[in-house]
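Look for subunit A in each of the two complexes below; its partner is subunit B in the first and subunit C in the second.
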Partner chain A sequence: MKLTTHAIRSLIAPLILIFAMWGTAFYIFLSDELIDEIDDQLELFSEQIIRQWLAGEVLPESNNASNNTYYIRPVSAEEEAVSKGIEYEFKNIYIPEHLEEEPARVMHTLFHREDGTCWQLTVMIPIYERNEVISTILTFTSILLIAMLLVVMAVFAWVFKRHTRPLYRVLHHLDNYTIGHKQLIEEDTTVTEFQHLCTTVNAYIERIEEAYEHERRFIGDASHELQTPLAICQNRIEMMMEDDTLTESQLTELGKMQQTMSELIRLNKTLLFLSKIENSQFVETTEVSINALLHRQTDILAEVYESKGISLNIYDKAPWSIQANEELMSSLVSNLLRNAYLHNHPQGTIDIYIREGALSIANTSTEEAIDPDRLFDRFYKGNHTRHQSSGLGLSIVKAICDASSLRITYTFAQDKHIFTISR
Partner chain B sequence: MKKTMFILACALALAIGVKADDYRPITREQLPEKAQTFLATYFPNSKTSLIRKDIEITELSYDLIFVDGCKVEFDRKGNWTEVDCITHPVPVGIVPEAISKTIKAQYPEATITKIEREHRHYEVKLSNRVELTFNKSMQLIDID
Partner chain C sequence: MKILIIEDDLSFQEILRRSLEQERYVVEVAPNYRTGLIKLSDYTYDCILLDINLPDGNGLELLREFKEMKKESSLIIISARDSIEDKVEGLDLGADDYLAKPFHLAELLSRIKSVMRRRQSGIDEHITYGNVKLHPQRTEVWVDDTKVELSRKEFDILLYFMQRPTRLVSKSMLAESIWGDHFDGVDNYDFIYAQIKNLRKRLTSWGASIEITGVYGMGYKLIDK
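Coming up: the complex of A and B.
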């Protein structure tokens, strides 16, 4: 789940809760306030009536246009004793204009006349409008709060996204980062945490690059330094073999030794070549026709591996030429083809497709699909060691592709291992 | 989280608990002392019909109605804010001297039936239904 989504999700519940409480409180306040307003009216009305009645003035019509009604009745001493003096209640009263009962707010007030007798004034105000107002308020409050919730969410999402942008920049940078292509992150932020993150990531990139560079130089230097002693050693063996005094068995041993020596020299050369590619020492580029290169290589290899009885099909769909180093391209194609022959079974097939921008080589094999993550590792030979493979062929292919900005993909389909080189 | 919920619940309960408005009948003895002194001074023989305590969120006041329909209002401390005697003249001592002088000069026939004391001014109603407004320094500023 994305960070923004996560944050918003954990924000929704408390916000809904707060808003619901807020809405409830608001609603309760408002309906209370409405009742208070009516009570105020009742109070003013009853004060006016009590005073006019006491002063002996003319009282207003009991049932005037406002629908306010009242009546005054004497109260016994017993009743006075239990009454609270001022009482409010909700009651349904009969409204003649409506010909039916309507809810009303009623106020009872006890007061005394000069002769000491107690009287009760009852005033009533119909409140059917109040109920309508309250339901309207309820609807509007709900709509408003939901709208507010959405707006708050939207604003939060926007703000959050804006502020976490540097984080996504760092992640994107790390996704695109490959060892050997040193590229540091620009510290384009004022947020301390993100600055820290950038600095740390940059420091790690530097460290990795340094270690990588170190390793690369070491392999290059080592294989370079090994060249001369290896060559001398081989020469010595050759010279020794020319000695007539050697017995047959000694000669055989020496022959085996020389074969091993040759393998060692070949391995060393491959390593040197690999490190040269990685050090970008093949700089000159020319227009290389992949089609021509392929035909040339297949001619040679078909002869070499004739004994395996492999059928080769080339589907030359379209010409493909790229601007690259010829030696590298040649090595690339030859390594791929060699790979296809070497890991094939006798009477197998090799299908080659060339189109504009892509070359696919598919071969049958006794082996199952290979782990694509380890396939291009140096000295990775899968789960077999019987072939005369150095384990460096596909590493070279990968290195050449990286150096020539080509892409190599491996798929396993219909029992065929397919390597595709594309632009 | 639980703590926050508790605080919110408390706030809500508090909000609901505060009843905005209330009228409560009280006895003469429950009035502030100042108000009782005022009544003893200016209305020594009048019987009360009804005394109410008016509680609002920010204010507290007292209304008193006499059996003849006269009304007196007091503020929280017991200072009078309104005396309304409908048709009878209000007790003489209540009205500030400067005001009663001005009224005697301009309306010699009339009596003061109602006087209101507000924050910045006095409002006086006369028996001839004229309403006068005085400012703090007892100068007449409005006639209605």
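Coming up: the complex of A and C.
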């Protein structure tokens, strides 16, 4: 869930609660106020009637278009004893004009005449108008509060988004960040927390880059430093082999040593090459024809692997030339082809398709589909150790593709391993 | 023939010296820039092997100084750096050859012979062993005074052997130099055997005095019968 949604969600419940309480309080206050007002009217009205009645003046008509009604009745002494003097109540009364009962506010007042008899005046004011007012107020208040709620949400969302923009910028930056392409975040925010975040993230990027650079240099430097000791070792073996007094077994042993040395030297060279690719040391580009490169390489490989009896089919669907470093392209094609020969079984097939912008190499193999996530890892050899593969060939292919803006995909279909290079 | 080795790694220097002395060269060594410069200005050598990474200076700088002395010596750079840029820079400065470490001693010896031949005979260099004469530039082979025909691959193999006669050439060394990286990971050297077999047949049919002999199943040697 997004942070904004999260914040709005947790804001909604308390806001609704507060607004509801607020509305309720407002409603109660307002209706009390209205009742008070009516009670005041009733009091005035009854005072006037009592005064007039006691003075024997003409009393107002019971109904003078205001629907106010009253009556006076004598009260017995027992009744007087339990009465509080003035009492208010709500009651439905019959209004002759409306021909029906309507809610009304009723006031009972006890008073004494000069002769000491106790009388009760009951005054009634219909309150259906007041109820209408209250329900209108209630509707408007509800509408107002809901509208307010929405406005508050909208304003909050806008303000929140605005203020968290630096956060999203940092996240976006981190999403796009790939190791080895150092790019720091610009700090154009005045918020202390975000400034702190930017500084911290930048510090981490610096540290990661430094470690990465260090590791990258280390492999290159280590391979480079190994060159001379490897040369010495190899040459000492060669010197020894020149000795004519050696027996066959000694010479064979030396020969095996020499072969292992050669493998070691090749491995080291490959690592050095890989490190050079990753350090972008192959910058010069020329127009390279993939078709020509492929035919040249297959000629040599077909010769080297003649004994395997592999049938090779090349389908030049279209010429494909790319602007790239020739040495890298040559190594790319050579590694892919070697891979197809090396992991093939005797009498297997290799099918090569060249189209504009894509090269596919499909080979048969005794091996099952390979885990595509690990395929390009350095020294990944799958489940077999049968051949002397260094396990670096496909890492080189991947590194070259990355360095030359090419895409490499691997698929396994119809018992064939298919590698496709495309633009 | 006098050769100067300017190389700071003493063990490597010793190997090079011993190997060259076996070939009856007179060898002198310099372990650093300073000594190298003194020897270069004081004496004259037929060939100089120069390492680029020296403890007290850059070999390329030494090469520049040497070129200003206008001496008639061949110079081969031996360096742990093998990028094309490094090679081009070294050759542009006037080195006759550039050999990246690690290399085979046999390779070094044939390069030394090659640069010295070039210096002596100009462009038209050729290698002779027994009654066989080989022109690397023209890719021609002559037996006695008859020109013979052979395939490009066979020519490359013969050239490789002619450059290092009587020396043991292991199958992996041969494969590496003729087929480059392509044979990386190959577990069977049949393809070499097939080529050698053809070449042997040809040498016999031409009446050549040289032959390729097997050495305990691990390599070959070119010898004069």
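We adopt the following convention: the second predicted complex is superposed on the first by the 314 of 423 C-alpha atoms of A that agree within 3 Å, B and C clash if a C-alpha of one lies under 4 Å from a C-alpha of the other, contacts with A are read in each partner's own complex, and residues count from 1 in each chain.
In the analysis below, contacts are C-beta pairs under 8 Å (C-beta built on N, C-alpha and C of every residue); 3 or more make two chains touch, one makes a residue touch a chain.
Keep in mind it's a predicted model, so treat the numbers as computed, not measured.
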| item | value |
| --- | --- |
| Subunit B versus subunit C, judged by how many residues of subunit A each one touches | C |
| First, second, both or neither for A:K276, with subunit B first and subunit C second | second |
| Touching partner for A:T349 - first (subunit B), second (subunit C), both, neither | neither |
| Which superposed partner A:F29 touches (first subunit B, second subunit C, both, neither) | first |
| Partner chain in contact with A:I232 - subunit B first, subunit C second, else both or neither | second |
| First (subunit B), second (subunit C), both or neither touched by A:T285 | neither |
| For the subunit A and subunit C complex, residues of the former touching the latter | 224, 227-228, 230-232, 234-236, 238-239, 241-242, 248, 251-252, 255, 258-259, 262, 265-266, 269, 272, 276, 281, 297, 300-301, 303-307, 327, 331, 334, 338, 342, 387-390, 393 |
| For the subunit B and subunit A complex, residues of the former touching the latter | 4-5, 8, 11-12, 15-16, 19-21, 23-25, 47-50, 52, 63, 65-71, 86-87 |
| Footprint of subunit A on subunit C - complex, ascending | 9, 11-12, 15-16, 18-19, 22, 80-84, 101-106, 153, 167-168, 170, 172-173, 175-176, 179-188, 190-191, 194, 215-219 |
| Subunit A residues touching subunit B - in the complex, by the definition given at the top | 14, 17-18, 21, 24-25, 28-29, 32-33, 36, 39-40, 43, 47, 50-57, 84-86, 109-114, 116 |
